[in-house]
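Same chain, two partners: chain A is paired with chain B first, then with chain C.
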Partner chain A sequence: MVQSKKQKYTFLAFCLLPTFILFAIFTLYPLFSGLYFSFFDWSGSSSNKEFIGFANYIKLFNDVIIPKTIIHDYFLVVTKIIGIMILAIFFAVALTQLKIKEAPFYRVVFFFPNIMSVVVIGILWTFIYNPSLGLVNSGLEFLGLEKWAKPWLGDEKWALPSLVLPAVWAGIGLFMLMLMGGIANITKSYYEAAKIDGASEWQQFWKITLPLVWPQIKVSILYIVITTLNGSFILVQVMTGGGPNNATHVMGSYLYQQAFKQYNFGYGATIGVMILVLSLITVLFLQFLMRREKVEY
Partner chain B sequence: MKLKKRFWILCLSIGLLLFVAACSDNDNNNSSPDVGTDGEIAGDLEIQYFVGGYGDSWWKEVIADFKEAYPDVNVIEYAGPNVNEEMRSRWVSNDPPDVVYIDGAGSSETQMVEDGQLMDLTDWLSEIELEGGDKLADSFIVKPANYDGKIYSLPLVFDTWGTWYDKALFDANGYTVPTNFDEFMDSMAEIKAGEGIDPFVTTGQHPYYFLRGMLYPAFAAAGGEELLADVITGKEGAWSSDQVLEIMKRVEKMVDEGMFDSGLGALNHTQSQMNFLLHQNAFIPVGFWLPNEMKNDIPDGFEFGFIPSPMNAADEKYAIVPDLRPLAIAQEADNPDAAKAFVEFVFTREYASSFSEHTGAIMNLNGVDLTQNENVPGYLTEANAMINDPDVVQIYEKPHPMSADLETPIGNALISLMLGNMTAEEFVEEAEKAAAEYRAGLN
Partner chain C sequence: MRRSVGQILGRTGIRIPLILWSIAVLYPIFWMFLGSFKSNAEIYRNPWGWPETFSFANFSQAWTNYNIDISVFNSLIVTAIGAVLTLVLAIPTAYAIERINFRGSKMLFTLYISAMMIPMVLGWIPLFFLLNDLNLLDNVFGLAIVYAVSQLPFSIFVLTSFMSTIPKSLEESASIDGLSPYGILFKIVTPLSMSGIITVTIMNCIQFWNEYFMALIFLQTKTNYTLALAIDYISSEAQYTNAWGTLFASLVIAIVPVIILYAIFQRRIAKGMTEGAIKG
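After this line comes the complex of A and B, so read on.
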């Protein structure tokens, strides 16, 4: 049956229109209203708003906490990328190449944190870090390292690094699966040929596996960056609330505090605009950095 | 083919439904103020009340009685621990409930007044009388918050922060209950030695517990209501005054001598309260709601003891700074007559007595005799007697709660001080800076 042009376009409209309407309502509209509210002095809990032009942006540039939150965010981004990618690649290679019998079991175990809500993960780790009852400090005591025990989340120096562990733990599974998919697609004959030529396992990894799963690694890193910039706020909110003394505030949690705790909704919207701009810049920069030609053998 | 078509229609209608739901306005609230034919009070009355540590049993009782007294009024309740967030969109769209009880996270009386959301009750209040003929305006334990001579809310709950201890533990081991800061330090030293614990705990995630629970009384004892008001409004020079510095030195002393729980920076309020109940610490600053809030976790033999926070110098009396939870009427109330009727209905001495039974706290009316009511918990009758004894305790009133814009940065510096990462001098400097920024933001 040959489709008429009209039929084709109706079908396309059928596919695209609902998505576009939903996208407009739930993404574009909030985006622009956020931008709009950033020019107002508004508590967010009444109908009184006052147009103040760029005053919120001036406040943003003079706010001493803002640079801290940006640094904290990028600290989490960098440590998470390093932690998650190294471990995810390691586990993916181990589970596909090393022919472990229990591989399916480990796959489920490593993926498990991904099906848990981030809030649950946060609460769980708060207990693990609990100064008197927690696993970490009891473990250190058991090993005779009482000196190292500390109130992890209540320490201005250690609170932020302590957030990296749960974030990495929660992230590995998904990226491990993605990389396993990539590795499974590599033709086995490459490895066989390399083995015949006398390449060690290590050389095989560097010369065959890594270049061929590069597209997956690239997507994973971008994904980690975006989710961290937008989502690390949940973990911070649940585990430390930004404290002690702003030591763990990320941009998102500071936005939340300003908009909903200090009733500066307009200023919160301004921080939101900043997050958007920074995320865009970061992603574009990463795209540029990781452009590497697709390898095919 | 037919099936496919149906599927598409289904998808489309779901999409449309979502669209309509997202765009529709709440237009069912435009009913005009309903006054019955003969001037009787009638119509819908919407009440928003936060449910926290006090529970909601008292509210249920009062509302049921109100319905009986005003059968023509249809009371609609909005209640729960998240009600402030849930009702926010109603307030933003200028369609608020009629009566609001302002308490809990996400609500701020100062913010509501600044935004002009509450009705001016100044004139109306002077007309209301209690059951015995006393004027309501003269029967409050603590007077309503005053915003440039105007009253926008009536304080319903009289709560106060203070310091809790386990009476049973203190009696068994002969620890002294302190009445001033020097005794407090001695008592904590005794406990530190005797029990091998860090004696004092508070939540580090919410440093305002320490600010309101320990520092407000100290400021009041040292500088009276004037200093208290200056500190709360962030007046220039208040935070860097000698009086404040001396009190912050006391906090520093507590840090230096290891009186604070070393892990407090990580604790949220429930965790700190749990630590206290488990005897990992001996003192904790919380309000009257503590026993009710933790009622499911109280160990056997634990006996709550309450004192005004002993941060006062040896020559000063205990100080108490009441914390009030007000009832208010919305400026845009659809049914202001019913709202006023309800507020008037609530403020009686009878309900004040039943309030203490239900919640373990005190309603803000004087002349209520709790000693005769055996359903009121023991610590409350004792605390009530102590508070009412002017030889022991002095009550200081704050003008209004501190704005979150000032409390947040001060709380942040405070946690650094309590963790030992800041000195009293540095704290005072930070606080003064925060106050300057707060003042600049007001204009």
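After this line comes the complex of A and C, so read on.
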């Protein structure tokens, strides 16, 4: 293209600068500023912002609720990975490998919860768990299992596991589609060759499908980990607010409570730094753990 | 091909979990619609059954008693401004990164993309004070800007991959015909990327329409509430007022636009979301 250097750079600046400036102001600055805030004791007004060094971090290590929130977060990560991956792999294989006529119907239905608002999902499921009106307890009564009925979200032991089901319910469709994309790319002749060799469908699944969709499985697991550690608190906030008695607090909901309910903004930022560090470590660790030779036949 | 009895049974058996999961997905949504037409007394008497009479009382209640109309309007404003602003910011950057050679273009792209994986919770505390200083706290326009910037990485990612499929020769010949780079961007590349722009915009609109947590932090007065906040408020009130019917009606109001978009753009939405996730 015939144009002078100056013209090129003016055009580049026109394209890149406004976007980058807004990105810097509303994304980069707040992140770095959050790191900086974590060294202050600050209740929100500018007059009483006091530099306290690592005091917030020492408080973090001595806060008895913090280990609970971390355990709750990783409980959700692990149970969501197991629940979503088993069901998503099963559905993806069923909808691609076994010639089911109405497969598009299932695909459309299973994906829909992925685009529902967390507020709608949360409130809907709060209702499903409602002790007197809810579907779960009514269903248990119908089956004659009244003794299992309980105030699910109000029970310290059951509140956190109860949050897994809505998360799985809402998440499956996306991962099912990702895996279906992977399966669609597997060359059909592998299956034909396996059939001729007398491999059962079960063997074909273990020896062909699973190894060849490994990249998609890996991406799915990482995606579940990232979105859970960075966003599980939204469902928690809507459904339980962290209760009963902190039984469902995750790191993000505890940050919200500390910063925006109790106005400990400095301490809130410290929790934010912890979330950042933990999610980075977890992702790096998982990438190391799941590195596996790419399978090619 | 011969099929054994076992295989045929297997084919039917495989449908059972599929059908069960379909019911698990559809029934709660269907039930939410039914609940929005029931009176409170009926919800208590028969929470999971069919309504005796279809009444729109819950919707008018939501409209008049809880000012859902204002919240719907706020959500529409935030969604529209957010989506337009995202495009204005993302299209030129995506084009420059994809088509113009300059030092640091790879780095800039990586910077935007890695922002997708960073937990933004940490940034929300300083952002709260920044918006306060800029007089944009508790302001739907402020929220729209925050939304737009938050969706920049995803939008830039999808748009660059879309623009890479446009043949370079089109731009070259336009340039020879004397079109300026600005003309190429707005008159050639933008119209040719329309499909990608539509995908990105639908995804962003759904995202902004549904968003809850940033709205919770950055909006405070009820007249500024978006729909998600209004629903949350009705839900917390319902514990005392027992206005469950009204709550269902507001959930229905929130979900109907998403259902309509999904009905029209189902393939596009599914594709947009899987592509956005695969970058991970």
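To be clear about the criterion, the second predicted complex is superposed on the first by the 268 of 297 C-alpha atoms of A that agree within 3 Å, B and C clash if a C-alpha of one lies under 4 Å from a C-alpha of the other, contacts with A are read in each partner's own complex, and residues count from 1 in each chain.
By our rule, contacts are C-beta pairs under 8 Å (C-beta built on N, C-alpha and C of every residue); 3 or more make two chains touch, one makes a residue touch a chain.
Please read all numbers here as calculations on a predicted model, not as lab measurements.
Engineer: Per the contact definition in the header, classify A:92: touching chain B only (first), chain C only (second), both, or neither.
Structural biologist: neither
Engineer: Looking at A:237 after the superposition, I want to know if it touches chain B, chain C, both of them or none. Which is it: first, second, both, neither?
Structural biologist: In the superposition, A:237 contacts chain C only.
Engineer: Looking at A:262 after the superposition, I want to know if it touches chain B, chain C, both of them or none. Which is it: first, second, both, neither?
Structural biologist: first
Engineer: After superposition on the shared chain, which partner residues are touched by A:168: those of chain B (first), chain C (second), both, or neither?
Structural biologist: Touch partners of A:168: none, neither chain B nor chain C.
Engineer: Identify the partner contact of A:208: answer first if only chain B is touched, second if only chain C is, both if each is, neither if none is.
Structural biologist: Once the two structures are laid over each other on A, A:208 reaches no partner at all.
Engineer: State whether A:183 touches chain B only (first), chain C only (second), both chains, or neither.
Structural biologist: neither
Engineer: Between chain B and chain C, pick out the one touching the greater number of residues of chain A.
Structural biologist: Answer, by number of touched residues of chain A: C.
Engineer: After lining up the shared chain so the two structures overlap, which partner does A:45 touch, if you call chain B first and chain C second: first, second, both or neither?
Structural biologist: After superposition on chain A, A:45 lies in contact with chain B alone.
Engineer: Once the structures are superposed on A, label A:30 by its partner contacts, choosing first (chain B), second (chain C), both or neither.
Structural biologist: After superposing on A, A:30 lies in contact with chain C but is clear of chain B.
Engineer: Answer with first, second, both or neither: which of chain B and chain C does A:120 touch in the superposed model?
Structural biologist: second
Engineer: Can you pull the chain A residues that chain B and chain C both touch?
Structural biologist: 14, 18, 22, 25, 44, 126, 260
Engineer: Once bound in the complex, which stretches of chain A touch chain C?
Structural biologist: 1-3, 7-8, 11-12, 14-16, 18-20, 22-23, 25-27, 29-31, 33-35, 37, 44, 87, 90-91, 94-95, 98, 100, 105-120, 123-128, 133-135, 138, 169, 172, 174, 177-178, 181, 219-220, 222-223, 226, 229-230, 233-234, 237-238, 252, 255-256, 259-260, 265, 268-269, 272-273, 275-276, 279, 283
Engineer: Which residues of chain C touch chain A in the complex?
Structural biologist: So the residues of chain C in touch with chain A come to 11, 14-15, 17-18, 21-22, 24-26, 28-29, 31-32, 43-44, 47-48, 89-90, 92-93, 95-96, 100, 102, 108, 112, 115, 117-130, 145-146, 148-150, 152, 171-172, 175, 181-182, 185, 206, 209-213, 216-217, 228, 231-232, 235, 244, 247, 251, 254-255, 258-259, 262, 266, 269-270, 273-274, 277-278, 280.
Engineer: For a test of understanding, state which residues of chain A touch chain B in their complex under the given definition.
Structural biologist: Those residues of chain A that touch chain B are 14, 18, 21-22, 25, 43-48, 126, 129-132, 151-156, 159, 240-241, 243-246, 257, 260-264.
Engineer: So in the complex, the part of chain B that touches chain A is made up of which residues?
Structural biologist: 8, 11-12, 15, 18-19, 22, 88, 91-94, 106, 108, 111-112, 114-117, 204-207, 262-268, 271, 275, 280, 404-405, 408, 412-413, 415-416, 419, 421
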